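Order of writing sets the labels: A, B, C and D. Residues in every chain begin at 1.
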Amino acid sequence: MSLDTRSVTLHLGLIAALIVLGFVLPTYHQGNLARILVLATYAVGYNVLFGYTGLLSLGHAMFFAAGMYGCGLAMHLGGVTVIPALVIGLICAAALSAVVALLALRTIGVAFMIVTLMFAQSVYLTALYLGEWTGGDEGFVIAQASRQIAGYALTDPLTRYYAALSLFAIALLITARMMQMSFGRVLIGVRENEERTRMLGYDVFRHKLAAVVISGTIAGAAGAGYAVLFGYVGATFASVQYSIFPLLWVLLGGMGTTIGPLVGVAFMFYLIDYASGITNAYMLIAGAVLVLLTLFARAGIVGEIRNRWAPWLP
Amino acid sequence: MMLLETKGLTRIYGGLRAVDTVDYTLAKGEIHALIGPNGAGKSTFVGMVSGRIPASEGEVWFDGENVTALPAHARIQRGMAYTFQITAIYARLSLFDNVALALGQRDKAKVRAALDRVGLANRMEQIAGDLAYGHQRLLEIAMGVAQTPRLLILDEPTQGLAESEIEEFNTLIRELAGDTTILLIEHNMSVVMALADEITVLETGKILARGTPAEIHANADVQNAYLGTG
Amino acid sequence: MTQTPKTSRRRLLKSAGAGALLAASPLIGRFASAQSSAPIKIGFQQHSTGIGAAYGRWYGRTTDAAVKMINDAGGINGRPVEIIAEDDGTDPKRGAEVVEKFSNQHGCDVAFGTLFSHVVIGSAPAAGEQKIPYFVVSEGHHVASGALNRYTLQPGITDVKSQVQAMAPYVSENLGKKVTMIFPDFAFGHDHRDFFTAAIEAQGGEVLEHIAVPPAETSFTKYFPKIPRETEVLYHVMVGPAVLTFVKELGEFFGPSSPAIFGFIDSLEAVDLASPGLEFLEGTYFWEGNPRYAQADQTEYDQAFRAAVGVDDNGASVSDPSDVSTYAHMFGCWETLNIIKAGMEASDYQSAADRQKLIEAVEAMTEMPESMQHPQGPKLFNGKTHQVFGVQYISRVENGRLVKVHTTSIEDTLYPDEVDYTTQSF
Amino acid sequence: MLAILEGAVGASVLALTALGLSLVFGVMRVVNVAHGEFFMLGAVVAWFVSTSIAGHPAIGFLAALAIAPLIAGAVAVLVDRLILKNVAYDPEATIVGTIGVLYILQQSALMIYGPEARPVEPPFSHRIALPWLEWGENGLAFFYPWGLSITSYKLFVIAAAISILLAFWLILSRTRLGLIMRATQMDRETALAFGIPVQRVYSIVFGLGAALAALAAVLIVPIQQAHYLMGHDPLLLSFIVVIIGGLGSVRGTIFAALLIGMSDGVISVFLSPTLSKILATLLVALVLVFRPQGLYGKKMA
C-alpha cells in the first residue's frame, strides 16, 4: 500500500467509524462526541498553523469567537437562517484572520505569540464592551426553534451528531488533502526551516498568510458550528482560556498529525469528565497527566505512535 | 551576454563595510569561483546577490533586469538557486520531501532523478537528518540542482566531503556547466582549479583580482593575501 | 395571573401529553417504576472550581442541609432524595455538558443549580433540548426576561431587576436623590445600571454619573476622581476576588468625608466584615438578600435554617468563624429544593415521564408564605415568567455588624411581565 | 496625578513579577506558564504566615517577606529538577509541562487555602490626602477628597520595589553569580565548556524567578487580596512586559512595566475605561508589530 493510499484509508476509515459510532453510542456519549467533534474542528484549524506551519498563536479564541458571534448574532438579531448564518460566521472569521495575519506576521516567535494574545484580548474586551448586542459575559441563547436546517432540528441528538461529524469531516479532509499537496508541504517546509524555504523560491509570507487565514477560518467554522449546534454564544469563548485549549489539545494529540487534534480533544474531555466524577480536584489530575505526558510522551499521543510504530501517519 | 551584474554593491554592518562597492559581472554559462580569506565578504556578497541579505547600497541585475528591490524568493523564481554554507536541509523530513520541495512538485520520478545525480536515490525514504554529514551536503547540492536554475550559487559546497565525494561533485558540476551558470565560493583550491573558468578574489570587501585560474595562481597580490596564508 | 386548579391541569396533561412524552423521554427514565423506592435524583450543578468557587461551596452546604431536612421528613413522595453534584467549573460550556450528563448519564429527574448568569444561560439550551427541568438559583434577570425556555425556572431567589428597583424608594427617601453608580462593565453591572437608573428616576432622583469598571481590574482608585462632587449617594456593586480592594480603596479615597454609600452585598459575600481595611464601611448601607447577622427580630425559621446549614449568628461557619457564608444568596438553594419537593408532590411525580407535570405544577404556584420552607421571607411566584418575587432587606453597618434597617414589600419588587413561558410548548 | 501614582504602584509590582519571568526566559529560553501561580503562591503563603503569627501586623508581614519567596523558590526548584530538566528545556514541552504545574498549584491552593479572597493586614497604613484646589467664585476653594489620596503603604510598595530592583541589578552586574548567569544566557555550550554548572544555574534562576514573583505578591497582598485564581493577570501582563521590554533586558522590562502599568490609567481619563483597555491593548500589540525586538532589545542581524 502506498503512503497516500494508507492516508486516505486512515481518514475515510476514521470517518466511517465515527458514522457507525453515532448509531451505537449511548445518548450521553453521543452528545459528548458531538461536542468533541466541534472542538476537534477548532483544534484541526489550530493544527494547520501550529502543527504544520510552526506558528504558535495564543489568540485563536478570537477566530473561534468571530465565527461564533458572526453566526450567532446573524441568527439572534438578524433573524437569518442557519446556512447563511454559518456563511456569515465564516466570512467574519476569514476577514479577522486576514487582518490579524497582515499585522502579526511581521513578528516571529514569542512576539507572534504575544501579538496574537493581545489581539484576542481586544476582541474579548470588545465582546464585553458591546454588551448591548452581545450580552457581554452572559452571552445569549439562540432560539431553539431557529436551529434547524431544511426541517431537520439540530437539537435532535442524532441530527446534531451528524452535523458535528460533517463539520469535522470537512475540516479533516481539507487539511489532510492540503498536507499532501505542494502547498501543505511548503507549510511544513516553513516550519522546519523558513530560510531554506524562502531560498527555494517560495513566498514564505504569503504561505504563512494563507495558513493563518485557513486556520482562522476553520476555527471560525467550529465557533459558528458550536453556536448553531449548542445554541449558546458568550464571551467566555473569546477568553484566553479558549486560546490555550487548542494548543493543549494539539500538543496532547500530537502536533502536525492530522488525527492528533481529535485524539487530543477526546482525551482531555474524557479525562476531565471522568476525573470530575471521582473527585472535585480533577484539575489536579489533569495537571498531573499533562506533566506526565511532557515527561514520557513528548510528541503527543499520535505523535508517539508515529515515532514508534507507524512512521507513515500523516 | 551577462547573466549577473552588480553595480557598487555595498553592505555595511555597524560602520564596517563588509562588502565595499563591488562591481561584478558574470557571463552566461560560466563557472566562476569566488575566493578570499575568511571574513573577506564572500558570503555577504552572494547573500546580497540572492536577496538573503539586503544591500546597503548598489544594484543587482539579473538577466538584464534590476532585481535589487525584489525579495529573495522572487529572485529564486527568476532562476537563481542558492545552497547554504552551513547545511540547511529539512533535517526532520525525508529526502523525498526535501527534493520535492526544491522541485516544487511531488513527482517521484523527477525526485529520483535529482537524487540520482548525487548518488542518493536509494535513500529516498530516509530522514535527511539521519544522513552522514557528507551526504547531507550532497543532498543540499541536489536540491540546488533540482531547481534547474540558470544561476546556481554554491557556498562552500565541498566542505566536509570525502575525496571520492569531491570527485563526484566535480563531475556533477561539469555536467551542469553550459546550461547552468555557476557561482562558487570555495576554499578547496584543487576544486577551484579543476572547475573554474574564471576566479574573482575578494579581500576585505573589495575585489582584489580577477582572472583565469592560471592568472590568479600567478598573481603576487593574491599570493600575499590569500594563498600565502594557506 | 389566574390560577388554574391543579387537578384539572393534571388531567389535561395526562390525556394530551403523556403519549408523546413517553416517546421522547430518554431510556433510563422510561423504566423507572411508579412504585419505586429508588431515590429521586437531583443533579446539582456546582461552582466547585473557577471564579464562583466561594459561592459553590456554600451552595453545596445549603443544598446538603436542605436535602437532609427533606429526607428526614420522609423524602419526596415517599422516596429519598439523592443529590448528584457535578462541577461546572463556572464555565458555560462545561455547564451545558453537565446538564446533559445529569439527563443522560446519571438519569437525574431534575437539574438544579447555579449562580453565575453566564453558566445558567449557557446551560439553559441543553436543559430545553434534554427536556429536563432546570431550577436555577442565580438572581439573574435572564429567566424573567424571556431569554431562556420553559424548562428553566427560578423559584427560589428574586431576580436582580426586582432587587435593584426595590432599593430605589428607600435610597431616594433616606439617603439622597443624586446618585453616582460604580459597577463592573459587563452584563451583571449593566443590569444594575439600567434597572436602578430607571427606578431612581421614577422616584424623582437622578443618576449623575455611571462609572463602569472594566472586568478583571485590580486597582480602583483611579476611577474615584470621576465621582461628581455633588453626589449624595454612592451606589456600588462589584463582584469577583478584587471586591475587597475596591471597598478598601474607596475608604482610602474618601476618608472621613464621604457621601452616603449604598452597596450590594455581592461585593462582600463570603468576606468577613471585620477584615482589615473595612472599618470604613461603618455607617454605610447594603442590600442583603437575607440578613447575614442574626437580627433582633430573627424568625424561628431563620434560626433553624442557620442551625441546619451550620451558620452562626454572624453568618460564618459554626466550625470556623473566619469562614463567612454567602448568606444573601444561598437560602435560594434551600427554598428551591423545597419547591421541587412541593412541585413533585403536587404533580404526583413518579419518573422522568412526569417532568412536564412537574413544571406545570410549579407554574401553578403563587404565594409562598414565610415558613421553614421559605426562611428568607414570604414570596410570590409568577408562573408565566418562571420568576419568584420576595422581600428584600437593607442593612446598615453598625459596630461592624450588618443591622437591618428596612424591609421592602413584595410589591416594590414587581414589574410588568416580559414573557409568558406557559404559552410555549414543551 | 492620582492615575499616575496608582499606576506606579501597579507598575512596580508588575516590574518585579515580570523581571522574574524575564530572567527565566532570558537565561533558560523557556516560557514558564506557571509563573503567575508562583505569584499566587507567594500571596497565599503570606496570608498563612501573617495570620499564624500574632502581634503587630508588621512582624507577620516581615516574616512573610522572607518565607514566601523561599517557599515559592523551593517549589520552583523542585519543578525544575523533576520536570524541566527531564525534558531538556525543550520549549514546547516546557509550555505543556508548566501548564500542568499551573493546574496542580491552582487546585492545591483551592483545596488547602479555599476559594475566598483573603486580605493581609498592612504593616502600617496612613491615609495621605491632598485637597483638590479650584479657583471658584469665592476665591480659592478646597475640595476633599477629590485631590490626591494615597496611603503610606502604597508609597512603601513603590520604594520597596525600587530597592529590590536596584539590589537585583547590582547582583546581576557586580557579583559572580550575576556573571555566571549572564554567561549562561549568552551561550549555554560555551558556559558548559568553561566549567559553569549550567544545570545548577538553571535551577537557581528558575527558583529566583519564582521567588521574585512571590516577593511581588507579598508586597501587593495588603492592598489586594490573596485568591487562588489571582495568578492569571500577572502572568499575562508580565508576558507582555517582557516581550515589549525586550528579552533579557532589565532596563527594558522596568520601562515596559511602567508603560503598561500607566497607559490604560492615563488613557481612561479620556475614554470609557473598557474602551481604553481595548485601545491600550491594541496599542501595545501594534508597538510589538512595528518593533518586534521590543523597546530595548537588540535587533537580530
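The working rule: a residue touches a chain if its C-beta (ideal position, glycine included) is under 8 Å from a C-beta of that chain, and two chains touch if they have at least 3 such contacts.
Quantities reported herein were computed from a predicted structural model and do not represent experimental measurements.
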Of all other chains, the one whose Cα centre sits farthest from chain D: B
Central chain (by mean CA position): A
Centroid distance [mean C-alpha coordinates] between chain D and chain A, Å: 33
Geometric centre distance via CA averages, chain C-chain B, whole Å: 75
For chain B paired with chain D, centre-to-centre distance based on mean C-alpha positions, whole Å: 50
Chain centre separation in whole Å, for chain C relative to chain A (CA means): 36
Sequence positions of chain A contacting 2 or more other chains: 125, 128-129, 283
Where chain D touches two or more other chains at once, by residue number: 107, 110, 274, 277
Topology of the chain contact graph, where touching chains are joined (line, ring, star, complete, other): other
Complete list of chain pairs which touch one another: A-B, A-C, A-D, C-D
Partner chain A, residues of chain B touching it in the complex: 50, 52, 71-74, 76-77, 82, 84, 88-93, 97, 100-102, 104-106, 143, 147
Residues on chain A engaged by chain D in the complex (per definition of touch): 103-104, 106-108, 110-111, 114-115, 117-119, 121-122, 125-126, 128-129, 240, 244, 247-248, 251-252, 255, 281, 283-284, 286-291, 293-295, 298
Contacting residues of chain C [partner chain D, same complex]: 49-51, 53-54, 56-57, 185, 212-219, 221-225, 227, 229, 241-245, 248, 252-255, 257, 270-271, 275-277, 323-324
Interfacial residue positions of chain D with respect to chain A in the complex: 25, 31, 83, 86-87, 90, 92-97, 99-104, 106-108, 110-111, 232, 236, 239-240, 243-244, 247, 274-275, 277-278, 281-282, 284-286, 288-290, 292, 294
Chain B-facing residues of chain A, complex: 180, 182, 185-186, 188-189, 192-193, 195-204
